[in-house]
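Below, subunit A partners subunit B and then partners subunit C, in two separate complexes.
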Partner chain A sequence: MNTVATTLFLQKSQEPMQWWNLPEVWWIFVGILLLLLEMLRPRRNSASIAKASIFAFAVMLIASLGWPTGLETTFFGGAYQWDGLAIFFKRIFLIAGLATTWMMRKCEAQGIQGRDEFYILPWFAVAAMGFVSSVGDFVTGFVSIELLTVCSYIMVAFYRSDRFSLEAGAKYLVIGALSTAFLVFGITILFGTGGSLRFDQLANSLASGHQDPAVTMGVVLVLVGVGFKLAAAPFHWWAPDVYHGAPTPVSAFLAVASKAAAVVFLLRLLIGPFAPLWTQCQQVLLALAGASLLVGNLGALSQRDVKRVMGYSSVSHAGFILLGISAGSQPAMLSVCYYLLAYTLATLLVFGVICGMIDKTGGSLMRQFNGLAQSRPGVAWLMTIGMLSLAGIPPLSGFFGKWFIFASVWQEGMYVMVFLAGFTAVASLFYYLAIVRHMFFEKPADGRAISSGLSFGYQLLLVVLAVATVAVGLVPGAVQRAIYALIFNL
Partner chain B sequence: MPEKYWWLILVLPLLSAASVALVLRPFRAVSMGVSLLSAWVSFAVALWGFWSQAGSPESVRWMSVGGLSFQFGLVTDGLAKVMLLVVTGVGALIHLFSTGYMSEDPGKSRFFGCLSLFMFSMSGVVLSDNLAMTFVFWELVGVSSYLLIGFWFEKPSASAAANKAFIVNRIGDFGFMIGILTVWSLLGSLNYTQLQSFANDGRVAAVPAGLLTVAVLGLFCGAVGKSAQVPLHVWLPDAMEGPTPVSALIHAATMVAAGIYFLCRVFFLVELSPVALSVIAGIGGLTAIFAALIATQQDDIKRVLAYSTLSQLGYMVLAVGLGSPAAGMFHLTTHAFFKALLFLGAGSLIHAAHHEQNIWKMGGLGKKMPVTFVTFAIGTLALCGCPFLSGFYSKDAILIVAYETNRTLFWVALGTALLTSFYMTRLFVVSFLGEPRGDGAAHAHESPWAMTLPLVVLALLSIVGGYGSAITGALGLQGLPHTHPMAAVGGSVAVFVLGSLAGFLVYRGAKEEKITFKILKSKFYVDEIYEVCVVRASDAIAAVVGWMDTWIIGGVMVRGVALCASVTGQVFRIMQAGNVQVYAFWFALGVAVMLYWMMGR
Partner chain C sequence: MIPTLDHYLVLSALVFCIGLAGVVMRRSLIVIYMSLELMLTASIIALAAFSRFNQSLDGQVLVFFIITVAAAEVAVGLAIIVALFRQRKTSHTDEIAWLKF
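Moving on to the complex of A and B:
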């Protein structure tokens, strides 16, 4: 038992890390363990699996505090890198996994037939994303991304008897397959021109041959694949439909975890093999960012369904993140990480509220949130905090995320982009506030109570997310310094 | 370390707001007491700070972006001290007034919680020692104003007004943010003291004039939004949907004046850009006369006062634009006294007349409410610029500055003063004199002491606020005129007499509107014009989105129907997801465009 504890809680003072105490290995182990538990368990009810899964996420999140931070090392012949960037994203994934599983439990409590895989799949998805955050060559990258995508397909289409869920699953599958095709095509071209799949070797060989149009083509195609996962326009078409149709916890998972995985993959590419091709990449990223900002923020304006709004909102946030990345400086990268943290907390909060409220409203139309402030003021305020943070109202964390990104982009002299982003940020206020308006200023349509009580645990989850959203905004400097220390100060 | 006490001004209202929001809300009387206490103690601290020579407390490291670290520090120069006295002093009085005005309201706790939040944010705007902090508090002020305008959210008009105020302000704040970023990229600092030293050692002057103008005009955009200058003035009249004490505190005395305060704070930058100065003066003058014209034809007592506020804010902006921030701040201070007085007086009337706001349904209230009557009269006279009251001195300062620098704007300002006397006399005569014209007015009676005491105190301040150099001396700002040209002073007195006389003669004994100008009554149709523009724009966006929807769904429907004829329902079910082909097409088109863009050039 003692050895398990010491391997689980990696200590900084210990000997060099071994492959068997990498977190992903543990996560997959937990996934398999849960599968076994499901097989051996006497009664057919998934509560025990759900509890075990949530508990295990909590344990792993606590264990992540013990990860060695000052260490930069590689495994499996360079295919896996352990550094601060990886740690930051792995923690985000764990937070997302924990919150998502918790929401799934809530969904089941609402009478939707739960099946045990619902709680087990996140483990494989989180492990896949963990590998993505540490990726060191294209093979690992591709396989991990596909593992994540396959898990997502199943989760999106999880309500097998529900037409919307199935439809969403089919859409996600087809568009996903298409993007995978582009991704693998791009990787092949890069392999053909660069002669290697390892990021470090590829960086060297591409540095000399970056005038080759084939390299540009490879880069564009790979970025297209990333753009799909990121839900960046013009590769966002699936997002509103899939967010709308998928089970709410899964929408949250796609909006937060899947997007974060795409961000870290993109960052790994940009500091690795694509570093010599920065100018080309920057142009692509700027184009994607501009398109996403416009499409996401303007598209959301005419939506009447909260989950669809969140789909477009997710596109717009992809735009802000891409904008930050395309600034390319060290502060910009820090800003992106801060932004992602703020976005993660607020988005989980919003989806958490939707998931908690949806049972009695039977849908996620905005008007079904009418009068929530009267019937459940606490929940309405939590939702408001989430919305205002996403809209970027100070002093919530979402504001500083935008502020940092604007500032770092401005510093690089890309004034037009700041204007564009600022304009769309003002426009975004309309749809975020629309939801607040429905909750506070509209009367419930038929006067019925909106929801029965939420369990104490679920309320706790929402409150913790809200407090974190506020807290990260109240001490932006401290959070930023912590991220900085984690990522750069090795 | 007495400097530390400055923090109390921020901490106390914040604690009050937090405790009301989290714990005390069910206990209405306690919430009210806590909020009231925090406001008065803040005022005491501000008074202490005004007379003591306490400097600024040490700043705290806050955050860093791109190698630049921000300090969380307080600025406590004369300008801040005067503004702080106004904010906390008027704030404390209005807290007291609200205990009477809101005594019956079921949402009393929420009201006082929001009021404390406002006091926190507003003190933050005043005390911030850098642009980033100012911006954060600036937005917080907007949030608390949003909450308070929409306080009676059961009324659809209140929630619409709250949204409008918030969104219009965001348009201004967008420019504000651009201004801040420009200042930062030009000068590398956001700290006022540092920027001031850059201005002194000529580093600011070395910046290209065009860029400096962009920066200053960007910052001015923030002031245009918050101080409701043309063309972003539309939110302020609607904001009168909020409870009257809120209108008095936020939308007359303090928050809307934040724009002027801010312009004075960064005046060392503003004055270096002649273009920006003339734009500021022009906007100020335009707002002054424009709002005064509209005010002559409004029937709702609070709306008349709201347009009057707009007009007076225009006056202050005009003063800053003409290079005299001292005159602007002077008028801001006296205006805070008499406009808060007028609004509270109006609140007392409305309270007594059972929430009747139409002046044509009041009348004869003078005899029933003597304290309100007398104090309102003093406020009216001060606003009209009656000699020897505070408004006379501060308005004169601006008129003299205008007379000496820009004759066109002087005539505009003088015309505004004439209109001001006219519409205020109209308001006063119609609502207080004559016979009661409505049920509410017929059964009115004087308000309780908690409401009349602040009126009396503010009336005293409106009388003496213009004397001595206590205010102007403490400001430490430039630009107060030292000469008193007869034309300006005489003109000011003349328009006061003329305007009041005209108002009195026209409206004495009137039972209905005597003069009608449709265009003024409809406020120059600005709201309508904006609405058309916004509707057009959103229609255009909706059309584009709709086109895409039709394209996608249309394609699906056509093919779905065609297939349905030949294959089973199961296939149809799959085809429901059929628009996926269209998505795939768009996706591939996106890839093609990307590839062409990157490689085809």
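Moving on to the complex of A and C:
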């Protein structure tokens, strides 16, 4: 495996990295190559492009094992940083891209209109997120976040004949543009007060002038912009609607990859330019975290559609992640990374099951999953694993994610927040288990059993995600040590 | 009177607030989208002014990126709005709220 990787990315750590070896350069190259392939291909049949895209994601994921770790360098005059944090998030993005493209293929097999761009756009979105994870100045940050957002608009509104998809696209468009406007205005104010757009220079100049109210305003505006992308309350109201209306693979992509990109952007800001303003940022983050935990978990209780439940659930998980970030310690950062890994695997699993079943159940309402355990026990169990992990039931990775975050927040002395988070985590059991109850204990409404099966490849994807969800929970210490070694360059 | 940095910043803040008010209060998708562009314009004014008065070109560079990105966003955004209009025969936000539980 490693030899493939080293031939793909010529260098190991002794040789200095070159900009043309950066993974994003390769990812964009693959995207353009796929576009050219689509143009040259004789028949209008997306199968070959889909396969090529999935294959390329798999190759890039394997190649990511050969990336030089334990090395911190910058490129393009400090605009791009290569370090362990970036590597961790780039791998998450690749996993999300691979699973999403696979689900898109499944959606098209279900006869929903698909075109080749559906498989090509994730490449540009993943490359954009890769740049976000390495961001070193606000110009790069702004442009890469916008590339991600514009790709997401197209993907959300992709089913042009479907009224829900289009409406979700329009909503996401307005919200995305609004968050961009806040973000840019915040950046503008910071540029005016700090005199630079580079993260390191900005950190220096903000350290001396952090009493300035204009700086606080700029920071808050930037955090509002990030809050929209993160779907943190009170900037969350788009999430249930958009997750509901968007094609299921795209919902998965937004829930996992887009959120992870916002998290890494936030982390980069907090360890970079906002480091001198940590106390102000911490208050904002705690407020966002508390609101997200309450709104996400309580809002999901009254929902009847699994995709909407996942929308609110993603708000609540944004709350847990923000809570971990606001603890601000080194173990807290590790627990956030672990949490994000567990969340990624479980969410992809749940959306994968929804995507595979949605043509058989006829929709994503909870009652349409009635009796799934009798007709398709395997699929029902996979869904259950995903739901239980998201709810935080002990042997699964989601439990340890929550546990680590609670522990690191407790260490910082924020006991009230731990109790609030614990209370909302208990509340979340009701809606996650409601779906399980519908699958296992309710009779199908029209007495019709869900019969036809999933292809072997798709089953493989779901099983791998489920096994990973369980495995990450079985050896939480080892996984956390691996993340520690990666991020802190040991 | 020679305009100072403050004049530009007040103008920029006004334009931003007008844009935000438009997004919150108007009910036509096209007008909302115009208001969003107005908010970006506010940043452009302030960035150009900061660059001019701080003797630093970084802000001007960001202005070009904002213009380019806004153009790309408008291309995609108008396509979505037109597709929505073709289907629903309206671009009024009150009449396209179908996504509810």
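One rule holds in what follows: the second predicted complex is superposed on the first by the 476 of 490 C-alpha atoms of A that agree within 3 Å, B and C clash if a C-alpha of one lies under 4 Å from a C-alpha of the other, contacts with A are read in each partner's own complex, and residues count from 1 in each chain.
Definition applied: a contact is a pair of C-beta atoms (placed from the backbone, for glycine too) under 8 Å apart; a residue touches a chain by one contact, two chains touch by 3 or more.
These figures come from a predicted structure and were not determined experimentally.
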item	value
Subunit B versus subunit C as contact partner of A:A170, first or second or both or neither	both
Touching partner for A:I187 - first (subunit B), second (subunit C), both, neither	second
Which of subunit B and subunit C A:F423 touches, first, second, both or neither	first
Residue contacts on subunit A - larger count, subunit B or subunit C	B
Partner chain(s) touched by A:L345 [first = subunit B, second = subunit C, both, neither]	neither
Touched partner set for A:Q283, first subunit B, second subunit C, both or neither	first
Touching partner for A:H244 - first (subunit B), second (subunit C), both, neither	second
Doubly contacted residues of subunit A, that is, touched by subunit B and again by subunit C	163, 166-167, 170-171, 174, 178, 302
Subunit A-facing residues of subunit C, complex	9, 12, 16, 19-20, 23, 29, 32-33, 36, 39-40, 42-43, 46-47, 50, 54, 56, 58-59, 61-62, 65-66, 69, 72-73, 76-77, 80-81, 83-84, 87-88, 96-99, 101
Residue ranges of subunit B in contact with subunit A within the complex	61-67, 69-70, 132, 135-136, 139-140, 143, 150, 153, 156, 159, 163, 166-167, 170-171, 174, 177-178, 181, 184-185, 538, 541-542, 545-546, 573-574, 576-577, 579-580, 583-584, 586-591, 593-595, 597-599
Subunit A residues touching subunit B - in the complex, by the definition given at the top	163, 166-167, 170-171, 174-175, 178-179, 182, 213, 216-217, 220-221, 223-224, 228, 233-235, 237-238, 280, 283-284, 287, 298-299, 301-302, 329, 331, 335, 373, 388, 393-395, 399-400, 403-404, 406-408, 410-411, 418-419, 422-423, 425-426, 429-430, 433, 437, 440-441, 476-478, 480-481
Residues of subunit A that touch subunit C when the two form their complex	138-139, 142-143, 146, 149-150, 153-154, 157, 160-161, 163-164, 166-171, 173-174, 177-178, 180-181, 184-185, 187-189, 191-192, 195-197, 240-241, 244-245, 302-305, 308
